[in-house]
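Going by the order they are written in, the chains are A, B, C, D and E; count residues from 1 in each one.
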Amino acid sequence: MEKLIILPFSIGFIYLLGILGFRFVKWISGLSRLDKLRLIHSLKTRRFFDSLQEVFMEGLLHRKIFLKNPVLGYMHMSLAFGWFLLIVVGHFEVMVSRQSLIAPIYLPVFFRYFETGHSFPLAGIFSFLMDLLLLFVLSGVALAMLKRFKKQLFGMKKTTRLKTGDRIALLSLWMIFPLRLLAEGMSAGLYGNGSFLTSTLGHIFGNLNSETANLSLWTAYSCSLGFFFAALPNSRYMHIPTEILLIFVRNAGVKLKKRNNTYTNIQVFSCSRCGLCLDNCQLSAAGINNTQSVYILKNIRNHNLSDEQLFNCLLCGKCEVDCPVGINTIDLRITQRIESTRQYNSSYEYLEDGPAPKADTVYFAGCMTHLTPGIIASMKKLFQLAGENVWFMDEEKAPCCGRPLMLAGQYEAASKLIANNTRKIIGSGAKRLVVSCPICYKVFKEDYELANVEVVFHAEYILNLIRQQIITLKKGADRIIYHDPCELGRGMGMFEPPREVLRATGKVISIKNEKQMAHCCGGSLGNLKISQPERSLLRNQAVEDYLQYRPDVLATACPMCKKTFSRHPGLKVQDISETVVQALQSKVQPKAVIKKAKSNVLEAELI
Amino acid sequence: MNEPDMETKTKIRWSEYNKEIANDKFFYLRSCIRQNFNPGAEKVFLSILQNKLGKEVYDDPHHTTCSGIGYHSDIVPFETFQTMVARQFSLMTERGYKNCAVSCITSFGGYNEVLSTWKEFPEELEKTRENLLKATGRTFEIPENLSHACDIIYKFRKEIAAQAPYRLINKETGEPLKIVDHIGCHYAKIFPEKGVGGSEYSRVLTGMIEAWGGEAVDYPERRHCCGFGFRHYLIKNNRSYSISASRKKFESMQPYQPDMILTNCPGCNMFLDRWQYALAQIEGKVYGGKNGIPVLSHEELAALVLGYDPWKDIGLQMHQMDVEPLLDKIGVEYDPKLKFTGVKGQYINEPEFTGCLARTD
Amino acid sequence: MNNKHVAVIGGGIAGMEAASVLARQGLKVTLIEKQANTGGKLNDWDHLFPDFSSPEVLVNSLATKTKDSGVNTVYNTEISRIERAGKRFELRANQDARFYADAVLVASGFNVFDATIKEEYGYGLFGNVITSVDFEKRMKKHGQLHTIQGTDPKRVAIIHCVGSRDAKVGNTYCSKVCCITGIKQAIEISEMLPDCEVFCFYMDLRLYGSKFDSLYLQAQKRHKIQFIRGRLSEAAERADKSIQIKAEDTLQGRPLRMTVDMVILLVGMEPGASTSQLIQKNQMTVDENGFLKSANVHCARNQSTQEGIFMAGTAICPMAVNETIENARSATTEIIHFFENRRP
Amino acid sequence: MGICQALHKQGSFMYSDLNQRLKADVRLEEGLQACMNCGICTAICPAAEFYEYDPRSIAITVQSGNHEKIAALLESDTIWYCGQCMSCKTRCPRNNCPGLIINVLRKLSQETGAFIKSRMGRQQYLIVKSIGANILQFGYCVHPTSLVPATHPEQGPVWRWVYENMHEVYAAVGANLDGDGPGAMRKISPTDLKELHQIFKVSGGLKLYQTIGHFSQLKAIELGLTDENGDADMEKYTQYLLNE
Amino acid sequence: MNDLSFLKPASRQIDFDNFDDRLLLYVLQYEPSFFTCISCGGCTATCSAGNLTNFNVRKIGLWLRRGETEKLSEEIQKCMFCGKCTLVCPRDINIRNVILLIKKRIAMLKNENSPA
């Protein structure tokens, strides 16, 4: 009879171990040689302990979810950490009761069925602890059930949809602990080995208690465990073991590649489909509800990712901010785009290598900036005031920076443009490349190899001018909201320099949705599928939020954002360079500047 | 202020339009191409006028080319062309004629262009008079009437029908023969008012077909050029242009299964004949008939219904496409043995093959 | 002013609107219509642009207005001559009828361009080439569009500028309403026959009205109407009665050929035949397009070159329905001014 | 002054007053009144169907009066694509005739020497050599002896038969090939031929032949097709053109 | 036999009755906004790639409508995806996506046509 109870659990458990073992070996062996070395090396360093700590904090305690949503965090923690403790304490209990460090793996699971005597030392304390932990876990289960049916109570707008595999796993997971409670309650009634929770239940059962019923309940419990283990590899609960692996691999310094490899799989399988990314995604404001990261991850896993979903994403990075597992949703998606478009890259044979004029500084305005001539005019003015020896690289003709191609997954094509621009920039002998577009900035910074040419974003450049008092600004009373461009803020982590610059011209007000949580303007080059009316909806959502703060100026540092917001009536939108030029102390030139750039200024004035 | 910005023409209902065609006393102007490829056609034209219709027509040995092909391939200046045309008129004047009968469509278009230029730009006429006088001592008068040979046949189509022993009716079935027409571009495209019925639906050929019992069949590419293209045919490497245009026409007429193509232009006549052969050779396609669609000009068809001998009078053996199937349908009596014979009726060798493709039997 | 008499020539919408407005101002008005009923060309029209409303409603309401305001309407009478008799005018009709009036308003309308003149389009020769006017008539009568073979057309080409902007037919002006009519009819065809492809061949899309361009957008977006920039060069019937058409795809600079089941020619407006009759026998002058000439195109649009003779509607130039009605009203103001200024 | 220098010199100033020179030809006045870009000409143009050719854009270029664009046209293959069928004349809603515009452009291209810069333009030399020579030699544009079957394979076996039995065939159908007096293909008498030559001399026909020949020689030299004396070898040039 | 190989009949006329609409239908299925193109040329005027080479976005649209897959597969390579065209389009057509779809479909067609 014992076998009957152990069998479902054991089969499920062995199956699970087999599958996990197979997958982990496959994934790790699929990493590049370098990545494997990285991983092995990391196990010998402090990173190993960092990983262990992260596993504990995130995998068990779910710290990030806690911070974001305490109820949801508690739910996850009670289930994960509670179960973990049940296992740990259960093992201790067995060890103590058997006076042995070795016990069959199933024994702690079905301990109350087998250990009818309940006479080992500390048995009372253990059963109390186990009941307490079971209660803890059951509270999580109850919350989970409640969340499934009343998600609003958890402050969640959306929750993920389930597939069959998930349903089986979910159902068996839900069943495990109530069944354990019933089985332990019955055993407590029969053998008196329970504590406050199970004994009470055993009393309530009263006459219902019987050996047969007891056996059935324990079998049912075993079955639900077996089912859960068996269903786990094909359900979202696969994220539980995978996440642990992910943490180790990631902390070893492994990164996503331009092609799919097994690290992609590790990331994909780590997704718990918690749905936090759904809440952060702005696309839902435009009624787009099937392209968010959680779905993309699922589709990659199921090999049914369509271009329509893949390319319908702003790549704004907001989903990545709150991902409890820390999945690189943006890079992961770009990798998929690269895979999807691999067959049709361009070679741009028409590109020519013209002679580059010699200059100290190169200014690359970028394609989009050419549609916002105000930014170009402002930058020219600032260069002139600074007496800069500038070559305006794309004033007449220059290829695009390559970033829009990268966002579309056309990595190889982009590399052709990058190579061409690189030759010109280095050919100019410049020390510095100034860009006024975050889209360009990101690619120049991350994908160009410009030797010792420093890539400077215009916010930093202007800030430097202010700090060195090359320009002085008149601080006005304007209330300014600074809109963080996605590529600059979340994309490059640059939040402060533009704000610093703006503080020299007016009052920068702090708002709720800024920096990491800043809105996307909706203009995004990352999204190739969204229609203009849908874009307007996103823009309007952002503008409505901003307007609550009654700003005088909406400042930004991206021509694309500027162009997008400018289309909204009744809103003054400026690029920081324009704001700065407007705030220039008129005519009175600081001495330093005149000294430094006398000839240039005079020349300019004469012209 | 309110003057119209440009010349607006009075509305002409072309389907009702009839141009003026002289009745008698023609000064004949030959065609370089027709003389070359279908000399019999010009001969029977004169014969029909003189012998069947009792008209006076003068074939002057002194007239030369009008140089129209040179003009349209741009090696002959407009001034020279005008003077060449003026010389022809001078010969006409010298002989006391006032009506021109033109064999060639290029010439016909060219004469009309020159006449229209002289009308609108009198200084051009003066210059031409000077040039001609200086070069040849000649003077000239502008003809009163300038008709193409097909205009004249059209004008007398009913008289011809009355005298004709044959009708364009399939002897076997009693059905009218299906005939597609092709009008040379320079007949009326440049000056619609110079063509019978204008340029879009000129009646000049369909009128003959119907008068002689046949059925004129319209086909979508009826008005498309045969593809001569002047300089394009003259340069071997450009001839693909020519054959492409003709192919388009054949493709378009093929569904109608025409018994014959009727043309009024010597060039078109030759091209529609030869390109059928060339297309069959390069693409293996025969567009109709037994081994190609016979292509006849207005003079040739008129002579045929009037009972002229297809070989000795009309010279139809000079066509690449076989005309025998057509002759058989109409019921024209002919001696097949006479086709490839010389002046005295002796056999003079024969072409490798006739029609589109060499017979395989 | 009340005893003044105005004769309005033409019982189309311009004539009716002007007559009823004048009558309500207390003038004696005689509306002279050459046909047996008023409404003119709109009687044959099925739907109006840009709102697809029924012209019947409009014509009926104008007729009621005319009747209620006390206009004396004379039918089956065509005026052939206007003569000045002192300060008055004598109007002679074909059947010896005479009318006398203190002022005359000519609202004799337009003629539809006769598409057979544009021979190369094959109208009158090929059964599947029809005009926009035929289309309206057919839709009004049968509510259906069939090819001559009796099938639903799968591909229809709508040809702009037929009889307009064409020196070859003597009309160098733009008829103005054809572009939007074409788009309206294209939408109607696509709604009626959703599987039918509709092509518009245009040179410029002159969608001057306030709602016209949105109809254009709608035609593209919702009805998938395709617009090809190129003037039709010729149409030819194929053996199966379909029509082969040729144009240049001017945006590409390449000739284009296409077979369609039906061709609809957007025929333009020409000066009315009755207008030309009036011109021949009077000193009324016409502009370069043959329409009645205004004393001043800006500030005296409704005044003819003859004092006391006014004009309204499409006798002046091509106009849409709403413009015609507005124009008729403006003519009434001119007439009233005329009488007021005349008073010693 | 070397030939190359001469060519270069032409390149620099031969295109003066292009617009005036175009307008001096009455055919431009006939051919181009005002174009409204409707494309009706291209729609039925046989050349547009075969070549990268668009008569509408030519009318627009000439109408624009843009000197550079017109100069580029004169040097291009484009103006030589027209087949002179004049179908464009019939349909134009503005009564223009792109075919006539082409005539004027070609004339100018030949007068300025621009024609040697394009493959299609250079062919003018071949036409002078064939049709041009026929006119002067026979008084006909075409003569049976000039239609050699080897160079006209598309003429087919019947023509080959006619060619090979020329005198019998022509006589059999009643023609008067190379004979005196009237009739088809009669010999044009020396007196008449002399009048023809005089006309060509007086009215500029010969001069055009010479101009085409002159520029063609320059091109031959530029191409290095010369004899021992460094003069143009026009036989080589002819072969070059035939295979170009 | 006579060598007639110098004769190569051809036509560059757009034959609307026999055109390959596979590309067009694919694009319209996923980017219906393309229907509303008015060939204004705004895209061509602003195009970054067009500034460097002979590349015409407006013509890309036309060729797509006329089924000129051959020409498109050459020309479409020139696009740099910068997105300016989409930003200036008066009809709000998502041109960038149109280009992406054309590229994708051409690649698909090539795979279909080439033996596996």
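The criterion applied here is as follows: a residue touches a chain if its C-beta (ideal position, glycine included) is under 8 Å from a C-beta of that chain, and two chains touch if they have at least 3 such contacts.
For clarity, every value in this text was computed on a predicted model and none was experimentally measured.
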{"item": "Touching chain C and also chain D, the following chains", "value": "B, E"}
{"item": "Middle chain, criterion being Cα centroid separation", "value": "E"}
{"item": "Most widely separated chain from chain D, with each centre as the mean of CA atoms", "value": "A"}
{"item": "Furthest chain, CA centroid comparison against chain E", "value": "B"}
{"item": "Two chains joined by the most C-beta pairs in contact, as defined above", "value": "B-D"}
{"item": "Chain A and chain D, separation of their C-alpha mean positions in angstrom", "value": "73"}
{"item": "Inter-chain centre distance, chain B versus chain D - centres from mean C-alpha coordinates, in Å", "value": "23"}
{"item": "Distance between chain centroids, defined by C-alpha means - chain A, chain C (Å)", "value": "65"}
{"item": "Whole-Å gap between the CA centroids of chain D and chain E", "value": "38"}
{"item": "Overlap residues in chain B, where contacts from two or more other chains coincide", "value": "5-7, 9, 200, 223, 236-237, 239-240, 243-244, 248, 278"}
{"item": "Multi-partner residues of chain E (each touching 2 or more other chains)", "value": "2, 4, 7, 10-13"}
{"item": "Per-residue overlap in chain D, given as positions that touch at least 2 other chains", "value": "44, 48-51, 94-95, 154, 156"}
{"item": "Pairs of chains in contact (touch as defined earlier), listed by label", "value": "A-E, B-C, B-D, B-E, C-D, C-E, D-E"}
{"item": "In the complex with chain C, residue positions of chain E that touch it", "value": "12-17, 32, 35-39, 58-59, 62-63, 65-66, 91"}
{"item": "Chain A residues touching chain E - in the complex, by the definition given at the top", "value": "307-308, 311, 340-341, 343-344, 346-348, 350-352, 367-368, 370-371, 397-400, 404-405, 407-408, 410, 413, 417, 525, 528-533, 563"}
{"item": "Chain C-touching residues of chain B, taken from the complex the two chains share", "value": "2-15, 198, 200-201, 218-223, 255-256"}
{"item": "For the chain C and chain B complex, residues of the former touching the latter", "value": "116-117, 119-120, 125, 167-172, 234, 236-239, 244, 287-289, 293"}
{"item": "List of chain B residues in touch with chain D within their complex", "value": "5-7, 9, 30, 32-36, 39-40, 42-43, 59-65, 67-70, 72-80, 82-84, 87, 109, 117, 120-121, 124, 131-132, 134-136, 138, 185-186, 188-190, 192, 199-200, 223-225, 227-232, 234-241, 243-245, 248, 274-275, 277-278, 311-315, 317-320, 340-343, 348-354"}
